[in-house]
Each structure stands twice: as structure tokens, then as C-alpha cells.
Amino acid sequence: MPEMTYAQAIDHALGQAMAEDPRIVVFGEDVVMLRRELYVRFGPRRVRQTPISEAAFLAMGVGAAMAGLRPVVEIMMVDFIAVAFDALLNQATKIRAFSGGKWNVPLVVRTSCGGGYGDGGQHEQCLWGLISSMPGVSVAVPSNPQDAASLMISCLQSEDPVVFMEHKLLSDYWRDYLGGGSRKTVAFDVPENGRIGKVEIPVKPFPPGKGKVVRKGEDLTMFSLGVGVHRCLEAAERLEEKGIQAEVVDLRWASPLDRELITSSAERTGRVLVVDEDYSAYGLSGEIAAVLAENGLRPAFGRLGTEGVIPYDVRREAKVLPNAARIEQAALTLASV
Amino acid sequence: MPEMTYAQAIDHALGQAMAEDPRIVVFGEDVVMLRRELYVRFGPRRVRQTPISEAAFLAMGVGAAMAGLRPVVEIMMVDFIAVAFDALLNQATKIRAFSGGKWNVPLVVRTSCGGGYGDGGQHEQCLWGLISSMPGVSVAVPSNPQDAASLMISCLQSEDPVVFMEHKLLSDYWRDYLGGGSRKTVAFDVPENGRIGKVEIPVKPFPPGKGKVVRKGEDLTMFSLGVGVHRCLEAAERLEEKGIQAEVVDLRWASPLDRELITSSAERTGRVLVVDEDYSAYGLSGEIAAVLAENGLRPAFGRLGTEGVIPYDVRREAKVLPNAARIEQAALTLASV
Amino acid sequence: MRMSAETVPVEELYRQMCRAREFEMALARLWEKGLISGEMHLGIGEEAVAAGVVAHLREGDAICLDHRSTPPLVARGVDLEALVLEMLGDPEGLCCGWGGHMHLFSREHLACSSGIVGSSAPLGLGFALASQYLETGGVAVAFFGEGAMNQGMLLESLNLAAAWRLPLVLVCKDNRWAITTRSRTVTAGNLARRARSLGVPARRVDGTRVDRVWRAARWAVERARRGRGPSFLLAHCPRREGHFLGDPMLRVYRDPLGQVLEIAPPLLRSLLARPLSRLASRVRCLGQIGATLGALGLELLLEADPLERSGRLLEPSMRARVEEEARREVEEKVMRAMERRVSRA
Amino acid sequence: MRMSAETVPVEELYRQMCRAREFEMALARLWEKGLISGEMHLGIGEEAVAAGVVAHLREGDAICLDHRSTPPLVARGVDLEALVLEMLGDPEGLCCGWGGHMHLFSREHLACSSGIVGSSAPLGLGFALASQYLETGGVAVAFFGEGAMNQGMLLESLNLAAAWRLPLVLVCKDNRWAITTRSRTVTAGNLARRARSLGVPARRVDGTRVDRVWRAARWAVERARRGRGPSFLLAHCPRREGHFLGDPMLRVYRDPLGQVLEIAPPLLRSLLARPLSRLASRVRCLGQIGATLGALGLELLLEADPLERSGRLLEPSMRARVEEEARREVEEKVMRAMERRVSRA
């Protein structure tokens, strides 16, 4: 099992799949440079650079998928999907139903998300809640290299639209591009196990919608995604020192949610804390609360998310995004219930 | 108190406000005909027809609001907001924060929503959940003429972006346009008290984010919005015959939610049923569940929403959208807990 | 590029036009009876454009349609019974009753549609890309109205099709109206030039003359098939049944008294709303509304019916035969569909 | 329309250019020191465009900016200390540390910006609409890059501005690049013609010559002020500091060895990935990447610095004085901002 960075793992999985399946094509802005290794390996027909026309080229992905290709369409940052939202909301996710189940759209939207590097509120959003509120789309949010590789394969095998979200803080080239790498004067709070790790080769898919218990515990369960998982693990360590055993669940998919894992873990620990880098309201924490409640579970419940616009100032940003200290605090409050 | 239809009430309130405040301008597609009474009264400078360029003209609304106007921008159906989503997600709702609180965007987005007339899955969505998942925007969803008029005034007085959603099934001209009025051969299931009613004049605003108990009961609470409120009331009548006293809450605003009313009513009845014409997942029902849970309330909980794409076939459509029979059934199940 | 008239398959083209017309008139009747729900947009007036373009397509070619999708689907050979049943919301319909008239999909014909104005063009890019990539020699055709030419994703698509040299034919059906809006009042410049400036060669054509449409489309489709990239056809055609069935503006002509009694009183109230300032301006606005209605009425009177104009290309007896055959075929199919529906209900 | 050179306020224009340049160089140093976070896009190379356009604005005029917003803000007279403090994320910054370099807002100057490519144009429509409606005689200016000219909302905005005759000046800063993409490879047709076809009169101008920009902008702003509607300026200018600070493509030139050692091995692996088919094609792709880097390098070498070119319009001693004054002013402001920051930290 070779060691790879998070970004290498994704492109490795993509390369593996492209070598096997000639229907896979990749397009988006700047992909010749961003995916230069795939470009050199697979050529200009399969890795193609677009104009800054997200609305047109995301819908082009929908059409191409209907026509039999397996497009991987890159939206550089998930924030920008707003200009192309129609392709997801009214086309990609509707066509299986509209055609009476006769036509499907195997489209992978690859995008980056998340903050922690000081870009401010228009470039650091997560939006997995917003996207998951549409029926008909799956949303994968890997938190480490192995998951990133395997979830990419899962996405490429999906017969329906999926959004694959790469967390910028875990991806070396994004950290580098977005104001990091060329200077030694900034340091980001990058979770080591998210940044780099062993990846099994050949990469195998993980089942869609399945999360994973990444830390066992009896006193409360933390549910999270992406970088949040690492923040939870950090908090769990601290809580352990205080005699609290926190379970940490990496949901891996914002949609479909792993209802079984959510209910079974919550039932066991009796306390639930949702840690969500995305906006709190109308999001992951709400959906988890509803899943618990409609299954008749009544754990103590708390949630930590991003409230409102993410500030530019890195000091305030660090306080606004869920961090280990805030998680610890929230968990202590919950544990005392 | 004159009697008005739902649509008359909205335009009456808008006309009242336009007469008082010259900063209010209205634009969107076909507004010369759709708002012809306002057009004749206030002229072509204040009621202006746009090209089919939602992305540009919704963002134009943002700029105009920043420049001191009070634009009411019409997006014909909320489904179409997908092509203009950036103006909401990355501009309107961000600018107060981005400017350090120094600049605000008093923008009213007026749009229609909802189904029940057989137009199918791309034109009957509600999407109040999706929109409420963005911080920084309020969402008003009136269920009757008085509320429609008063909430329109509240929206026009807001210093920040609001989305005003007019339910098509309650609006006579929409019912007429969308395949109804000119033929006597179709009948829609239109709630009478939503369609027409008395309106206090001059119209006064209702406080933002405040819902209303529209029917008292002790056995369970139904929370809903728009047409759903009437479906709940219908179900509540039937439940009464079976000895169950259902409370019905018209939330009026999808955002901000009336947390106080939600918690106080749920605490009293101990059973909660969310009835939501919008998609179930990652929506209103989840947010309510989270509000309850984080307040330490553990009522029995159920939800009824739209699962997946709305079918074209009116018979299936009627089953998919929450109706009195489904609500009654769900309430009975809850009541037996 | 000009070819002699003989090569135009006029009979076949006219047959497709008649089939589309008969079919949509049947739909209108079903709609009036309340058997079809929702907004029903007919393509009556667009038959020559549909027939003239679709005639050049072969297996593996794709069509992406807007809210007036019936005529191209009929011309493309989609089963009429399945279409009727779909309109009725029947589980045996083309889309099992899930799509309805704004969302008709036939995978077998690579035909899709969408009610979001402008979206047919970027969806067409996708089919064109697949043809280019798989080297099938296939082309994609996107149909849309002149109102859609102001929708961003459509403008983006013109550029992208040109930049990538995609085999896409963009067909703009210019009926001058977008619902109640006269498109020229909100559209700057001219649409053919607009397409050219985005790198797409363009031709204008009289969309009521099927022979002309056919020739222009041959140019466009052949270009695409030979790998020479996208092209744009601007076809003028009338909007004979208003925006949708039951169009309130059309009703003013068809039921003047009823409509005026309904529309006029509130307008009068507006005219006289207090404070009674700016009366002159108000009168002007009222006049504007009248002028818009007037323009619509005038066009209804003056604009040619493509069936009339294109029918003249055939000699009368043949024309009558073609019309009769189309009428019978459609009648039969609709009848059979209704029977299937009833027998299962 | 041509005016004699004397009327161009060259000294003032050059002063604004120098202020912008000095200011951004100071920002670059702060960024290198790690005091400014995130992606920092400088407008170095765009100073003549900023100065030449903004010089025509007066109170009540609005500017809508993209991700390279500093030069126009400096030229517009926004307080430099507040700007520095904002970049540092300070509560006393222009936006209290909430906006940062991609989201700079000054209500007092009716200045806004956005990091979403293309959004400055439709925001500009709104300010222009307000001016038109309130009859203030104000105009709005939207700045954006040539890459943004493929974004749907911007194309829509051109049409809408023309259709409504809004007092909007659209300034396209054509630096030929969009991040790592050579814009001409993804853009069809020509941009001035594109604007014209959407109803907006257009002029091209050498964006390194502030006098020419000033003249073209006078035409555009005057048109708008007189109610004659929108106009489009296509100003060519160089991108001297790459896409953003620390641009990896630029680093190839500035630190060739380090970068090649980092980039080359994985590319080599791709070149030789099994199965080893299509080697020739792979070599060609590698060459393509090299060619893109080469084009960037060549432009860096060959393209004129607008300060160089515009500075020649002044006589040397005056030029030196202006430069010195700008340098001092900026140095002082930055210093004072740093002191304020430190004293409160």
C-alpha cells in the first residue's frame, strides 16, 4: 500500500478508472494544468479545458452522460456551482424520473469545498447541505486519501448524478494555489491523517451511502464529514483525558445518509453531537435530528456548524469554523445532560 | 375589511407600499401584463419588463438595492431561480457581512411556488428549504390573503434580502394561466380560505419570523406552510371526529423560523408532525427536529413531505404532495405512540 | 450551396407537417376536455421548422427541445400513441406519465426536452460532444425560441460550441413573442449577428416555407457531420395558438366581451387610483397594453400559416391526399391510445 | 471626438498609477510575510486602465469590481490605511476584516467587488438602473477580465444594459489569460464585436497607455452620463504577477530548478504510465504544457509595463517627483496601518 497525498489519491483513482473505461472524460476550467498528469497520460480528447461558462458546461456534462459518456465535470470551487445550479436542480437530478426511469445521468461533478486558509465567505463554503436538499443526487465528502480514492471510484460507478467534494485544506495543490505553498510564512491547521495516508491499490469502491465509525466510544457520538472528522478526533482525544469516551463517525456521504449507522450509534451512546463545517440551518444537523426523531430515538442532541458568512480575518475564521476546542466544549455540555 | 383574492391582496399591498415609497421598483419577465394594474398606476419607470435573463436581472436587483432602491424582482417560478442562484447565494446574502455591516441589500424576490395543477417536476417545486439553507435571507410563505398582504409589507420593510413565495394554487391568475381558467373541465383542490378572504386596510406588516397557531389542540401539533396549512386543517377536522385534537401552526416564514412557537407548542402537545410540500430531506422537517432536539424537547415526531421528483400525472401528483388523507394517517400513527 | 427544388422531398416534409398539426389539434381537444393537465404549449406554426430540420437526421443524431417539443418529436418518428398516453399521464405513456408535455424523453431517439428556457442548447452541447468524442458522425440539434437567446447558458453554449467545434445545430424559432413580451423590446442587436459574433455561422430562413428550412438545415447538418462545427438557423415562424392553450391574451380576441369585462374594471381602478396624479402617463400605459394586445391580434390576422404556405409546394390532389392520410393516421392513433387508457381505467 | 493631448491630466493619471503600483507592491510584501491570507490577485499591469477610467468619475458614480480590485479603489480615493487594515483582517479595516481582498466594499464610494467571475457586470446594471431611475446623472462602471466574457450573466448584462439604455460602462481588461488558460483557446470570435452584437458600442484601446484609456473612457462615461446608454471598452494589458501571488506557473520562471524538480517526476510517470500506448500523443501533450508555460514566459519578457509606457508621457523630472511622492505616501500609510494594527494586537 503506497502512501499518497489526498489529492494524489483522487487523481490516482481517476487515472485507474480512465484507463479501464474509455467513456470517462474530464472537463472544466484549467484542467490541462490542474490535471496535467491525466492530460499527458490520456490526451486532449479526454481532458479538456472549458471557457468560464459553468452553466453551459455542467449542462453539457448532463447531455454527454445521457449520450453514453461518463463525464467528470470540474467546478473549481463549490461556491461557483451557483451559476450552474440549473443543470443540477432541474436537469441532472430530474431526468431519471422524467423519462419514466428509462434514462439515467451518470454524471460526476468534481468540486472543491471548505475553508481554513483565509479566502473569505464566497470561496470557502461547503454547501453539501444545500446540494443534498435536491432529491436525486449523491454527495461524497472524503476525509482522507483512502476514502478519497475509493469514493471517487464509487462516484465513477454511479448510474446517477453525484457530487464529489474535495476539501481544499486536505489537498496539497489547493493549499499551495490558494495562498499557501510558495511562502513559508503561513501555516494552516491541516489534519495529518487527512493530508496523507496509505491507499490500497488497485483502488476499490466503497458502498455509496455508507459511513464509518472512526473511533469507538460509549458516552456520545459525533457525526461529521471532511475536515470536521479530524477536528472531532482531536476533540475526542482531549475528552478522553476528561474521562469521556466519544465515538466519532465519518459519514463520508452527505447524501444518501447512513441512517442505520446514525441510529445504531446514537442508540448506543444516547448523546449526539453533529459537527458540520457547512451552514447549520437547514442542513446536515437538521436531517440527522429528523432521522433520529422519526426513528423514535431521543438522544441528547447538540450541533456545531458555521453560523452565517465566514469571515475573512483568519483569527475570526478559526473561531467560526468548527474546531477542536468548540467541539470539546459542546461535547462537555452534552455529556453533562 | 374588503374581501380579496390571494393575488389581489399581494398586489394591493404592493400598490399601497409603492404609493408611499418611490424607491420601490418592480421588474421581471412579463410584468407589464402580469402586474398591469400596477403598471398603469405607477408607470413604465417603476414596473419594467426584462429579457429572459434571470441571472443578470436578479443581480441587477442586488446592485439597485445597494444603490438605494427597493427592488421587487420577480422570478416567475421559484424553479427558475436555479439560473440566477449566484445573485442570492454569493451576492445578496453576503454583502452585509462582507462590508463589515456597513452596507445592506433590501431586495425582495417575488416568486411563485408549489404544485397541484399538473405541471410536473420542473415547475411545481417549493424550494423554501433549499433557499433557507443560505444564511442571510428570509423566506415568507403566506397561506391566505391577509397573510399574503401583510407579509408582502413586511418583506418590503426588510433591510435585508427576502424571498416572497406566492403559492400558485392559491393565486387565481396562476391557476388560470397554468392550464386552468379558460376551461371548465378541470377542477383543482383549492383551499377556499387560502383563495379568498378579508384583508385589513391599510395593510399592516406582520413581524418577521412569527408564525401563528391557526387551530388549537392538545394531542399533537402540525407545523406547515402555504397550502400545507389548509391540508392540515382539513385533516384536523377529520381527526377531531376520531377524538384527536390537533393543533395546526402556520409558520408563515420558512426562515427565520419561529423557534419559540415551535418549542412551546411541541412542549404542550408532545407530538409533532411536520407537513411540508417541499422536499423532505435536508429541509423544514429536519430543521424543526433540530430546533426541538437542541432545546431538549423530545416529542414524538413524524414528517410528511415530497419525496423525490413530482410526477406529471395528476393522480400520482395528488398522492405525492401532502394531502389530508396522508396527513390524517400520519397523525393517527403519531397519536398512537 | 443552392440546389434545385427537385431534390427537396416536399411530400414527405409536408406529411410530417400535417402529422404534427393534426396531432397537436388532437392534443388541444384533449386539453380542452380536461384530460391533459397543466400548461400546454403547442408548436402550431412551427411545423415547417420541425419538419425541415428533422428530415436531415438519422440514427445516432440527437434532438434537444424546449417547451414546444411535439412537432419535432412527431417528425422524428416517436410513437404517437405513447405520446398521447404520456400527455394523459398514463403509466404506458412515453415517460410512464412522469414527464408530461414539458418533459418528453425518448432515449431510443436521443430526444430530450426541458421547460427551463435556454437549457436545450447546453444539453445539446453534451450530445454533440459525445458524437465528436466517439466519432459516430452524429450531430445534435437544439431547438429554442428567440426569447431564449437572452438566457446566459444559451449564449455561453454558442461560444463553447464554436470553441470546441462541436457538431451542434442551433435552431432559433423566432415567433417574436416570449409569453406576453414582444422580444424586440428587450433584445438588443440582431440574433444572427449575435450568433456569428460568438463564433457560430448563421443563416436566416423563412420558417413558414419548409423547402427553405430544409435547404438551410441541410447546410447546417452537413457542416456538423463533416466536423466543421456548429451553426445557427434563425427561422421566423408565427405563434398561432398564443403562448399556451387558454392564453389570456388570445382570449381577448376569441372571447372579447368576457375578457374585457374581467380585465377592464381593475385597470380602470388603477387608472383612477388616488392620488390622481400622472393621469396622462397612466393613460399612456393603458394604451401600451392595448398596443401590445393589438400587435398580437394583427399578427394573428396577418401571419401566414406554414401549412398554407408549404402546402402550395405540392399539387392540390397530392396535397389533399397527404393531408387526409395524416388526419387518418393521427385520428386512429389517438383513438387507440384513448381505448387503451379507458380499458385500464 | 478626438481631443488634443493637452487636455489629458497626465500627471494626475500617472500619480494614481504609481499609487496603485506602490500600494500593491506593499501588499505583495505583506502577503509574502504571511500577514495577508488566501489568494491575493494583484492588478499590477492594469494601473493605466484603472486610472484612465476612474479619473472620469465623480460623486454618485459607482464602480463594480472583480478579484483585482485594488487599483480602481486606490484611484477612486479609498483610504489606503483602511485598505491595508482590511487585508490584514483587522476590525478597523475597510470592511472590519470581514471582506478581505476579494470582497472590498466602500459604501461611501459606491464601490463593490466580487470574486465570482462575471458578477461585476450585473451588479453594475443595478447601480446604473438606480442612477437612471433617480435621475442623478450618475454612471456605473463594471471592471472584469476577458475570461469573464464567457460567463452567461455577463453576456446577459450586455443585452440588458443596451435594451434598457442604462448608464453603464463595461471595462474588459484583456490580459489574455484566465488563470492557466489562454483565453483565445476557449473564446470564439472577437470580444469587441461580441459586445456590439449585443447592442453595446465598443472601443478597443491599448491598456498600457493611460492617455488613450482616458480618452476612450471619456467617450464612454460621457455617453452614459448623457443618457445614451452603455458602452464597452476592451483594454489590453499585461498580467505581470501571474494569476495570484505565488502563482505556480510563474514560479517556474522565478525558481526554475525547484519547480521543475517538483512538477517533472509525476509528469514523467504519466508519460510512461502503462499500457505504454499513444506515446507520441503523450509527448505532444507534454509539449503543449511546455508551450503554455513558454507563452507565459515570453509575454512576461515582452509585454510592456504600463508604468513604463505611460510614464514617458511626463518629462523625466516631473515623473521622478510623482513617483517619489506616491512611494512616500504609500509607505507612510502602510506604516501607519501597521502601527495601528500592532498597537492593538
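Lettered A, B, C and D in written order, each chain numbered from 1.
The working rule: a residue touches a chain if its C-beta (ideal position, glycine included) is under 8 Å from a C-beta of that chain, and two chains touch if they have at least 3 such contacts.
Keep in mind it's a predicted model, so treat the numbers as computed, not measured.
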### Message
Comparing the two chain pairs, does A-C have more C-beta contacts than B-C, or is it the other way round?
### Response
B-C
#### Entry: Remotest chain, chain B as reference, centres from CA atoms
D
### Task
Would you kindly tell me how far, in whole Å, the mean C-alpha position of chain C lies from that of chain B?
33
### Message
Please tell me the distance, in whole Å, between the geometric centres of chain B and chain D computed from their C-alpha atoms.
### Response
42
### Query
Out of chain B, which residues touch more than one other chain, so two or more?
50-51, 53, 55-56, 79, 82-83, 86, 90, 94, 97-98, 120-122, 309, 311
### Task
Provide the list of chain D residues touching at least two other chains, using ranges where the numbers run on.
95, 97-99, 103, 114, 116, 150-153, 156, 159-160, 163, 185-187
## Note on the structure
In the complex, the residues of chain A that touch chain B are 55, 79, 82-83, 85-86, 88-90, 93-94, 97-98, 120-122, 129-130, 132-136, 255, 279, 281-290, 292-294, 296, 298-303, 307-309, 311, 337
### Message
Please output the residues of chain B touching chain D within their complex, sorted ascending.
### Response
25, 45, 48, 50-51, 53, 55-69, 71, 86-87, 90-91, 94-95, 97-103
### Query
How about chain C: which of its residues touch chain B in the complex?
31-35, 37-40, 86, 89-91, 95, 97-100, 102-103, 114-118, 147-148, 150-153, 178-181, 183, 185-187, 244-246, 248-249, 251, 263, 266-267, 269-271, 273, 275, 278, 281-282, 285-286, 288-289, 292
### Task
Within their complex, state which residues of chain B touch chain C.
15, 19, 29-30, 32-34, 36-41, 43-44, 49-56, 79-80, 82-83, 117-123, 176-183, 185-186, 309, 311-316
### Summary
The chain C residues in contact with chain A across the complex are 62, 64, 93-99, 103, 105, 107, 110, 112, 114, 116, 119, 121-131, 133-134, 140, 152-153, 156-157, 159-160, 163-164
